[in-house]
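First chain A sits with chain B, and in the next complex the same chain sits with chain C.
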Partner chain A sequence: MVTAIRDHLPVLVVVAPLCVSFVLPTLVRRLRLAEGLTTLIAVIGLSGAGYLASLVLSGGGTSTVYSMGGWPAPWGVELVVGSAAALMLLTAAMVSLPAVLFSVNHLSQEVGSSNRAVWFYTLFLLLYGALAGMAVTNDIFNVYVLVEVAMLSCCGMVAARTDSRAAESALTYLILVSLGSALLLGGIGLIYIITGHLNMGYASQELSRIWQDYPRVVRLAASFFLVGLGVKSALFPLHVWLPDALSCAPSPASAVLSGLAVKGYLICLMKVLYNVFGGSLIQQLALDKIITVLGMAGIIAASLFALAQDELKRRLAFSTVAQLGYALLGMGLVNASALTGALFYMAAHAASTAVLFLAAGAIVTATGKKRVSELAGIGRKMPVTMAAFTVGSLSLAGVPLFAGFVGKWNLLLGSLEAGNWLGAAAVIVGSVLCGAYLFPVIRAAYLEPAPSDDKRQDPGWLQKLSMILLGAAVIILGVMPGPFLKLARRAAVDFIAVR
Partner chain B sequence: MLLNKLLINYPYFAAVILFAVGAVIVLTRANLIKKLIGINIIESAVFLMFAAAGNIRGGVPPILDQTSPGRVYVNPLPSALMLTGIVVSVSVSALALSLVYRVYKAYGTLDARRIAEMKSEVRDRW
Partner chain C sequence: MKIRDLILKRITTLVLPFIQVYGFYIIFHGQISPGGSFAGGIIVALGYIAYATAFGVDEGRAVVPEKVTTYAESYGTLWYALLGLVGIAKGVPFLANKLAGIDVGVPGTISSGGLIALLSIGIGIKVASTMVSLFFTMLEEEV
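Right, the complex of A and B next:
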């Protein structure tokens, strides 16, 4: 039994959340049970991810290959648990568990009724399963299916509140993102037509042999992937849906959307670009320059937009777009340090942005105040919430000893290694701008006097616990980045070594 | 030469035209239902491209017949993949239509531009 579970763990981390999510709709009247099951799956997911990561770490970076249904690679679907997959699984589990804990006893308030809360957990588990699948899959059509599952569940989560703005922003999201899906499927089709393979490894081998015969098709396919997955992961000029969606969604959903869902698409993009096209082909097609420029533009422009926002959640949403720019910049520099930085930063940002969104959600629930200018004196009334918010902000601004710093440092090294001074400048300017839009919130919260008729207080203990857990994760990642950094570095080296 | 290529590859040509038509509809029409129709057209274009890629001229259905070797079979895989794609596209349409219904009930219109105007008024009042 135990060995069977161990052998099938790569597929179980994907299938277990999906199976439970299909059971949850039968429990709409039993919110407690649904909450318990979701928490259980999040805990199991975390331990499964931890076990797989420890296997990868102790195995010296060798990947476990799992053939679905026992069909070997060129015919069957392959799941590969390598360093990148382990990192992504671990990040997903690390952020999902606190997000679920935050939702317990709280979600019904945000989405209107306990029935709707159970449906929300259904969608949440679907998203979690799809994210785990994106992390481990090695088949480009499988990527498409998982991306669609994630997209539909995200869309449902954005529309979970009953107000009209939620429905409207979910619809905008769905329309833009389905355009992205069509492009993604087109890219997959082009790759399949010229290589005859859907498995990333085989497609890559074939592509390196024949790409010179079809340079235009390869270029078209690469741009389809970039734009299609770019819309989904809200990369800079394609981010228009993100601020509305994140500010309308319930706070655990915003935390997971901003922390994990967009990262899932980004890791798919990274896998397709590096494992199918390969580093050298990216450079020959000049894709690396486009990606680097988009990344830098995203860091600077989205940070400036964030400065202009007064609504706290919208400010955080633009911050997300800016931080995704860092990951994109690292992807475009095509060297091991920059990719290490990008991968680590994705994990660090997932934890930091999740804690920020949960804290913002707690503030909105307690006070009904959405604007930054209305938060005066809140630090003394809601100490745990604001402490968590402070930790998240310091991490995103790249202060040493917090998670964000380690990622940004590696990105900086990577840009210098690539001789890209503009990239290095963008990393630093982005951090300064990040401080400029997040620190005023903290200053207002701690240094300005609170209005006298103030009855605001911290949320319930589970919500506090979830914020403390995430805050602790941010600090641990910053002080002892060891295993995560090791996974990120090995993943980066693997990505670069493809060709 | 170019015309000849287009004639030989006419399914792909049709797919490109369909894709462009769909994209224009999604990006220029304000009516939400028309936008959804545009998305469906785009998806059909991609399905057509896949299905065309699986076809081989003169191929027979891929049922192994050992009595007559040397036959050319069409590739069944793209069609199978597109069944999945169609299922996804149907679910996206269903979800999108349910959201359109909610938006219509809330705003009383299907015009995306007017909805955007109303939304910005709501935000200004906050």
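Right, the complex of A and C next:
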């Protein structure tokens, strides 16, 4: 039994959340049971991801390959648990568990009724299963299917609240992201037509042999992938749906959406670009320059937009767009340090942004106040919440000893290695701007006097626990980045080594 | 919504068995012929939708209550995942069929798919019940 579970872990981490999510709609009247099952799956997911990561770390970076149904690679679907997949799985589990804990006992009041809360858990587990699938799959059509599952469940989670603004932003999201899906499918189709393979490894081998015969098709496919997955992961000029969606969604949903869902698409983009097209082809198509410029533009422009937002969740949403710019920048520089930085920063940002969104959600629930200017003195009334918020902000601003710093440092080294001074400047300026839009919140919360008739207080113990767990994760990642950094570095080396 | 039309009702009752049988035929022959559980499930659901349209929504709901569609949707998909676990229980990969020791019969005959026939039934149930619940959701404008 134990060996069976161990051998089949790559598929079980994907199937277990899906199985439970299929059952949940029949349990709408039993909120407690649904909460328990979801928490259980999050715990199992974390231990499974931890075990897989320890296997990858102790195995010296070799990947485990799992053939679905026993069909070998060019015919069947392959799941590959390498360093990148382990990192992504671990990140997803690390953020999901606190997000679930935050939802327990709390979600019904955010989404209106306990029925809707159970439906929310259904969607959440679907999303979690899809993210795990995106991390491990090595088949581009599989990527498409999982991207669709994730997108539809995100859409439902955005619309979970009953107000009309949530419905409107979910609809905007649905329309834009469906467009992205169409492009993605087009890109997959083009690659399949010219290579005859859907498996990333085989498609890549074939592509390196024949791409000069079809230069336009390859360019078109690459741009389809970039724009299609770019819309989904809210890369800078295509981010228009994100601020509305994140500010309308219930807080656990915003945490997971901003921390994980957009990262899932980004890791898919990274896999497609590096594992199918390969580093040298990216450079020959000048894709790396486009990606780098988009990344830098995203860091600066989205940070400036964030400065102008008064609503806390919108400010955090624009911050998400800016932080995704770092990952994009690292992807475009095509060297191991930058890619390490990008991968580690994705994990670091997932934890940091999740804690920020959960704290913002707790503040909004306790006070009903959404604006930064109304948060005076809240630090003394809600000490745990604001402490968690502070940890998240320090990490995003790249202060040493917090998670974000390690990622940004590697990105900085990578930019200098690539001789890209503008990239290095963007990393530094972006961090300063990040401080400029997040630190005023902290200053107002701690240094300004609170209104006298103030009865605000921290949320329940589970909510506090979830914020403490995420805050601890951010600090641990910053002080002892060891295993995560090792995974990120090996994943980066693997990506670069494809060609 | 109620349509008082004898001819419509009469013809619906006459045609309905054929629609349903055809739908199930397509589901059960998924492993050896074009179509399969998705197409078949939709045909089964369409037969039911035709019934509900001709006889009125309330009568349609009485035949298939909301609870039934919810359970069918959930467990139809779960059935698929559980069949995937058969492989794991036998020590071979997820969703394995012949490898898991299932008899896959003579190619071209209806019993030749092994687990695929069972998977098809699960998906057929899922698709049919999803179509039905979509129909009722749009009708009631709950969304």
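As a convention for this text, the second predicted complex is superposed on the first by the 499 of 499 C-alpha atoms of A that agree within 3 Å, B and C clash if a C-alpha of one lies under 4 Å from a C-alpha of the other, contacts with A are read in each partner's own complex, and residues count from 1 in each chain.
One rule holds for everything that comes next: a contact is a pair of C-beta atoms (placed from the backbone, for glycine too) under 8 Å apart; a residue touches a chain by one contact, two chains touch by 3 or more.
Computed from a prediction, not measured in an experiment: that's the story for all the values here.
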item	value
Simultaneous placement of chain C and chain B on chain A, clash or fit	fit
Touching partner for A:168 - first (chain B), second (chain C), both, neither	first
First (chain B), second (chain C), both or neither touched by A:368	neither
Partner, of chain C and chain B, that touches more residues belonging to chain A	B
Which of chain B and chain C A:449 touches, first, second, both or neither	neither
Which superposed partner A:419 touches (first chain B, second chain C, both, neither)	neither
Partner chain(s) touched by A:192 [first = chain B, second = chain C, both, neither]	first
Minimum distance between Cα atoms of chain B and chain C in the superposition (Å)	5
Chain B/chain C common contact set on chain A	none
Footprint of chain A on chain B - complex, ascending	19, 22-23, 26, 32, 35-36, 39, 42-43, 45-46, 49-50, 53, 78, 81, 84-85, 88, 91-92, 95-96, 99-100, 102-103, 106-107, 115, 119, 122, 126
Of all residues in chain C, those that touch chain A in their complex	70-71, 73-75, 77-78, 81-82, 84-85, 87-89, 91-97, 99
Residue ranges of chain A in contact with chain C within the complex	4, 8, 11-12, 15, 18-19, 22-26, 66-70
List of chain A residues in touch with chain B within their complex	141, 144-145, 148, 152, 155-156, 159, 163-165, 167-168, 170-171, 174-175, 178-179, 181-182, 185-186, 189, 192-193, 311, 370-371
